[in-house]
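Pasting the structures in now, so scroll down.
Two complexes are shown next, each including chain A; its partner changes from chain B in the first to chain C in the second.
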Partner chain A sequence: MSFFSYIKVETSRIFQSKSTWLVMVLTLLCPLIGYSVHQTAVTATTASFVLANPVLAGGLGGGILFALLALYEFDRVYKYHTDALTESITSPLLLGGAKLISLLAAALVTTVAASVLYLPYTVYRMGVVFNFLEYLDCFFILMLPSLWLSILATTAFYQMIRRVDLSFVLFAVFTFFSLSPWAESEYILRWINPLVPGLSDDFSNGIIFRTAVYNRLFWLSILSGIWFLGLLCVRNYRKGLFGSFTHNVRKAYLLELSIAFLCFGVYLYHAEPYIDHSPAKIYGSGVGGTQTIVAMDSPYAEENSNLTLVSTQLETDIEASRSRLKSTAVYQLKNSSGKPQECILQINPGYTIDHITANGEAVSFTDKKNDHEHMKDIAVSLPSEEEIRLEVRYEGYPKIWSETRRHLSGHKIEKDYVELGGIHLRPVINASDEGAGVTGEITLPSELELISSGKTAQVIQVNTDGTKTWRIDDPSGSASLFAGNYVKKELSGSVAPIYFYYSQKHENKMEKLEIEQILENTITYCTNQFGPLGYTEVEPFSILETAGHMFGGGSSGNLNIMDESHFSEDGFINFHSGATIADSISTEIIQTWWLQGAMVMDAENSDWTNGGLSVYAAYRMAKEMYGEGYAIENHVKEWEKAWSNMNRNFYVRHPEYANILPEKYIADLQVEFSTIRTHAGMALKVYKAAQLIGEDKMDAVLTELYQNGGTEHPPFITWHDFLNACGLKEEELNIDEAI
Partner chain B sequence: MKLFKYELRRNLCNKFFVGLLIITFLYSYQVMGGEIVLGTANTAPFSLWSFGMYLSRMLPILLITLLFFVSFLYSRQEQEVRRITETTPMDQKQLGLLRCCAIMVGFVCISVVSVGVSLWFYAVNFRYTDFSHFLLPVLLTLIPAMLFFLGIGVIIGKIHPAFIYMLMPLVFLLGYLPMPNALDLFGSSFFQKMPLSLPMGAGGEPAFTVPFSVWIGKTMYAAIGVFLIIWGVTCKSDKTQQTHKVKPGTSI
Partner chain C sequence: MMNISVQNLNMTYPTGKIALRDISLDIKSPNLIGLLGPNGAGKSTFMNLLTAGLLPTGGSILLDGEPLVHKEKKLKSKLGYLPQSFGLYDELTVWQFLDYMAALKGIRDNKKDIERVIQETNLKDKRKARIRTLSGGQRQRVGIAQALLGNPELLIFDEPTVGLDPEERISFRNLFSKNAQDKIVLLSTHIIEDVQSVCNRLIAINHGKILFDGTPEQLILSAQGHVGLLENQQEEQGFKVTARVNTANGVHYRIVAKQLPFGAQVVEPTLEDAYMYLIGKEGDKQ
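Then we have the complex of A and B:
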């Protein structure tokens, strides 16, 4: 009988076994648990809830069940003492291989069945955002390999030690390792529960699947290596482990295969391509008292004062389908020293520099490969000429910062989504750059709409290869780019135009949740109450929906960024700033007024930021629109809850324990407390002040502060400016008594 | 006594126990440093609430060790030598109970390791060494769960030894299911929610009080466990006597 005949016999036998069917049915049921209990993917998107969580639960549950089945199947011949019979007919090595393949086939059939079974419900729940290819990726990259790896691991263990119980314990340890915090942040180590921080509904999830494929490749080669090693340990002629091994090892190709697989696995581990090697740092420290101090060394290279940057020009070709870019950056520099200079270029570690020329001549450069804070340094020798045209050609893709590897978040190039900026788009030079802007020509697939900070991006050329070339111009020099299948809407309520960009896929939801209305109301309120933002028609203010992998929101020049979870029913609700989606969105928009329209800062009171004022303003707006009852219930009560909950915490009551405890244990807690202090806590203080002086007077105080700025230079509005404007003393705003 | 010593040695001196001991040690540290260090329900990390929460998080792994011990009773080798042990002039019920006692001592041993890790953590990181009150959560959390699962293990192992292995993942799941206080065998939701409903005591810490319904619940679990153990042990001897009777017949 040939090997293929054995496979045929084994496969048909395995599909006739009742235990196989039991395991298959139970595996099919495992994803059900993921709908409620197993919350691995945390980003609040529909895809996370109805696709990622069930599939991950299926992989974990199915992995354990198939491990049990594999042990049962491999142990059968020895349990019923039929090994003497089977081994007289065929080699136990061949039989081992055939059994493995039949088990892998059973796992494959189960996954196919699961993908068919859950298809209707997933399509129904996801609606227009359903993407069939990503659905298949979920089942065949996230779930199926978990089952295969479980089978490979248990059978390898069993072949070596030939005891069911001990093999199961080894498997349990191996699984526990994957689920433990030691592997939590390392996507490459998590073999049974691949790292899926969340699936985006509206944009591509390429990075999640690319890292998962790499993880699968790594473990398949390592475990195949171990499996072939295990095959060499299969007992022969009633010999023991070593006797059988010396007999089996005569088949040299088995040993060679095993070593080749293992070496390939080790190579894959070392050549890991997606995460940079920046050393880890803990941000945040001691809750002692009321302040949180964030210590961080400046990651930027010291400025070379002999060099002045006049302008930067980019010519970038974004190959979205390959998730890479090729680019040339041209810097116009002035060298005032009259001597050769060395400058430092800093760029994301995922890029490689191909070529650097200065005034047309190639110059020497050293890539220091010193990953730190999401960048690496490149030292370049510049000539002594006064005017230098430095041309840098580079290519590659942005790597993920090791600090954020747990969330796989960062700048990215996907086939339907691009998010690049700063050192992730081009090398930043350490020359003094006052007023030096960035211009550029960016080539992108024609279906993507480009949005850039600074002036509105314009199409300058439609190319024959299905791409378009856009012109960008950001006089501030920050140059942030976003591209996707965006819908552009102009929002009313302001003097200069304000644009809102969101994914085409999200159009129905945006209409259903009346997001545009919420935004327009907020803009109208802020413009009437505080005054207009300082943007013009040429450089308009834009609000942008981004992929869920970036978490939360922020702003970059004239772009206000909010991730997609802000705009979904299952959405992101920041309990410090209100209870509903509308409140959360309004707060984000109001923050722009208090961040870019006026600057709020106090060197002596770190809790005094734009956060507290924006949260308070969102309450005032809600009160005007929906009435006092609603505003108090959804805003003030929420702040009070967060504040009193924080004050009940042990470490706030006993800061002395926070001081003696090693920092790593409570770093996250401190970051959370810091947000509560700056947002909920400060909002409560402003609210109390408004109760003392009257809410209308408070509105006037805020308007005045916004329009006239503060007393400290540059015009920062300090905590004392606020107190003086209200005519109150700090002691009067003690909020602990009020709650 | 000698037999008890042998049984205990069989439980403790093997590769599983050593492996599980290492896992328990690492897991204990992880639970302590990840979750308990933050304090349960805003209480101190070294309050009885947090310590109880720690024990309830540790229970799944401790119970899995217990189930491994139970699986030894039904292992293949054990089944094969049963015929010999049955011919000894020893009361089989007594032998069964003796084995269960040895399993309980094994469980206590591994629990001591886990509790030891937490006490060490408290002493090193919080300089807290007043452990005199910690016995109450230990008794309340560990003993009923131990008796209950020992009972269940003994019974389902008799039906089929493989069921013991299937029970193991269920033990893990049970720790995450929300349950009313009285039925909460592991106590995780009890330790998390109860302190929030209590008035603050001195220093902002709610006092450790256990409602009557929880006592009743725990006693019920323990009683069911004891009943199942005794039933399992007695039932076993009935079955072996039957096989005794049949065997000579078949050999003739």
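Then we have the complex of A and C:
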């Protein structure tokens, strides 16, 4: 009888067992835990909330349940002497293999059933952002392999030690390792709970799935190797462990398979392709431990001291479907040394340099492979000529830095989303420059809209292969690129146009919200209240939505970026953003006004930032546009609620207990409370001040501070500048009494 | 035709216990062999060796002239085995379990075969019953049924009639006898009745050694003159009481002895007497 027939027979038997059905049903229920208790992915997006967390909970719970089932199935033949019958018919090794595959099949069927069961709710909750392929990826890359790996691990342990209790203890230790702080940031080690910091609703989650697939491949390889080793330990002829091993090892192919799988696993571990493991530079220490400062650009390399960078020109082909690019960077350099010299280029370690020429001649170069601070050095031998045209051909993809590996965040190329800049886009020559800008031609899939810092990117060619070539020009030299399936809206209300880019998935929702009108009202309000932003028609201000993996927002040159949580009902945090997504985006724009146009900072009061002023300004604008009732209900009351909740928190009332919390939780709490203090808390103080001096006077105070800056430490606007401008004392703004 | 040749077979367990010592014999089909011996004599070890469940520590077993260790797959394809102690999958019905075992055996058209063994083992009423609901005797019948699946050339039953009622035992004896017409049936038991009427060859084992290998008649003949009846109980010296018989004249004692005591009336030995005599004789040597 063939092995496949054994599989068929054993699978059919397994599916007749009530234990199997019980485990399958319980596994189907496990994702429910992900909606509430087991929330490992940041729930700032709907996909994280209704897809990632349930699937991860399903993988964890199902993994444990299937481990128990596997132990039960493997042990019962010995416990109840069924082996006395079956082993007179066939080899226990063959039956072990068939039993394993039948359990894997049960896990597969369970996952298929789970994917069908949770589909309607997920589709209903996600609406337009639902992506069926990613839905399947979640179940079959994140959940299913967790069940398979659990089965492989427990049965491997059981075959070796033939004890249910010890096998389960080993499995528990192995599971604990995956969930422990040692594996927390290492995507490759987390076998039962793959690393999913959060799932994007609007853009590709390619990096999450690629790393998960690699993780699965690694563990399947390692555990298959251990499993075949376990198979060699299957007791035969009533011999003990060593006697059986000695006999079974005569089937040399089993040992060869075991070694091959283990070696492949070790190779995969060492050849891990996604993370750059270079360490960060430690610049200082802060409260609660050492603070690591993320250095994105290195200091000037000494070797480049006699060089001047005149310009950089890129010709880049972004192969989004392959998550990589091929590019040529051309640098105009001046060599003032009058002799040949070495020039250091720095680039993300995920790229390889193919060829370098200087003034048309090939020159030697060395990839130093000295990964440091998310980059590596390339040493190029430059000729002695003064004018040098250095052409560098390179390809690859940006690796994630080890410092951000916990979040798998950073620059990326995905099939529907691109985010590149600095050393992650091109080799950077850290030399003195004469205002050297970056220009370039970027080829992208035609469905992607390119947004570049500097001048607005323009399509210069529509290619026959389904791509478009864009021209970029960033005189500042930063050349930050974003691309995605964006809707582009031109907003009026300011001196120069402002562009707003958001995912096409939200087009209907945004139109219903009349977002254009709301944003234009915001821009008009800010322009009238504080004055226009300093952008021009050539280099306009752009607001764009980015992937949720960005965790927050920020700005890069004339680009203001907002992560997608601002566009998601599930990620929407209304204590500083008002009542709706539109309010949230308006607040971000107001915050941009304060970020770009004023410097709000106080060394003695870290809660004093542009955050609180922006939140207050959003309330004022809401009051102007929708009336006082709306503004108080949806802004002021939300701040009060957030502030009150924070003060009622157990760890705020008993900080002595916070010290016994794990560092991660302390950090999470600190971030949460800091946001509440800087936004809700400070907005409440400004609001109280406005009540004391009158709102019109407060408007005048803020306008004055915005336009002219502070006087205590110009140009910064300090907390005391604000108090002085209001004519108030700090104790008058005690908000705890007010609530 | 199947031919099993056992040559100088020895088996010593890792604990040091010697289970079999220098066993040699030939088994050819058709044959219905009764393997007799007290508990711990080495019967089950011998059967385990014959079914490749154990590897001998000395000697060899040849299957059709080739070492069994190299022909394990061939043996298993021709073997129907009922071990002394075995378990079934409780969650399955009788039919499902037999279907499972038939599939493991690689039997094509297994429905007919399952129907046949269900019929032969009188499990027709229980075919849809879950195994967990069966009595001990019914489970034993399922065990026998699975061994019969595929009409194997070699049938080995280790204590097959344990738990069966007298009627079932007779029925199974006949079944074994019928099966032995064209194959080898090896029946291990310590119940003499089971082998008396059906086996054409008996092998008696004790302390890992073959004490007797021949026909039942030869075994009975070997006890001629060593079985007697005593009218009154005497101090048990030099003989062994095999039965206490109540008669109209009082209690008679059936005894076996190398030399019958004075006053004992010599009677015709039964197979059980002969077996007791054989085992007793061996005991005296020890």
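What we mean here is this: the second predicted complex is superposed on the first by the 533 of 739 C-alpha atoms of A that agree within 3 Å, B and C clash if a C-alpha of one lies under 4 Å from a C-alpha of the other, contacts with A are read in each partner's own complex, and residues count from 1 in each chain.
Rule of thumb we're sticking to: contacts are C-beta pairs under 8 Å (C-beta built on N, C-alpha and C of every residue); 3 or more make two chains touch, one makes a residue touch a chain.
In this text, all values refer to a predicted model and were calculated from it rather than measured experimentally.
Contact with chain B, but none with chain C, is seen for A:V173 once the two complexes are overlaid on the shared chain. Once the two complexes are overlaid on the shared chain, A:I666 sits against chain B while remaining clear of chain C. In the superposed model, A:R238 lies in contact with chain C only, and not with chain B. By the touch criterion stated above, A:Y657 is placed in contact with chain B alone, chain C being left untouched. Once the two complexes are overlaid on the shared chain, A:S432 sits clear of chain B and of chain C alike. Contact with chain B, but none with chain C, is seen for A:L68 once the two complexes are overlaid on the shared chain. The residues of chain A shared by its contacts with chain B and with chain C are 79. Within the complex formed with chain A, the chain C residues making contact are 14, 48, 51-55, 72, 76, 79, 81, 83, 85-92, 96, 100-101, 103-106, 143, 146. Contact residues of chain A toward chain B in the complex are 37, 61, 64, 68, 72, 79, 165-166, 168-170, 172-173, 176, 180-181, 645, 648-651, 653-654, 657, 660-662, 665-666, 669. Note for the complex: chain A touches chain C at residues 1, 5-6, 8-9, 12-13, 16-19, 76-77, 79-82, 84-91, 237-240, 243, 247. Interface of chain B with chain A (complex): residues 15-16, 19-20, 23, 26-27, 30, 33-34, 37-39, 42-45, 68, 71, 75-76, 125-127, 162, 165-166, 169, 173, 176, 203-204.
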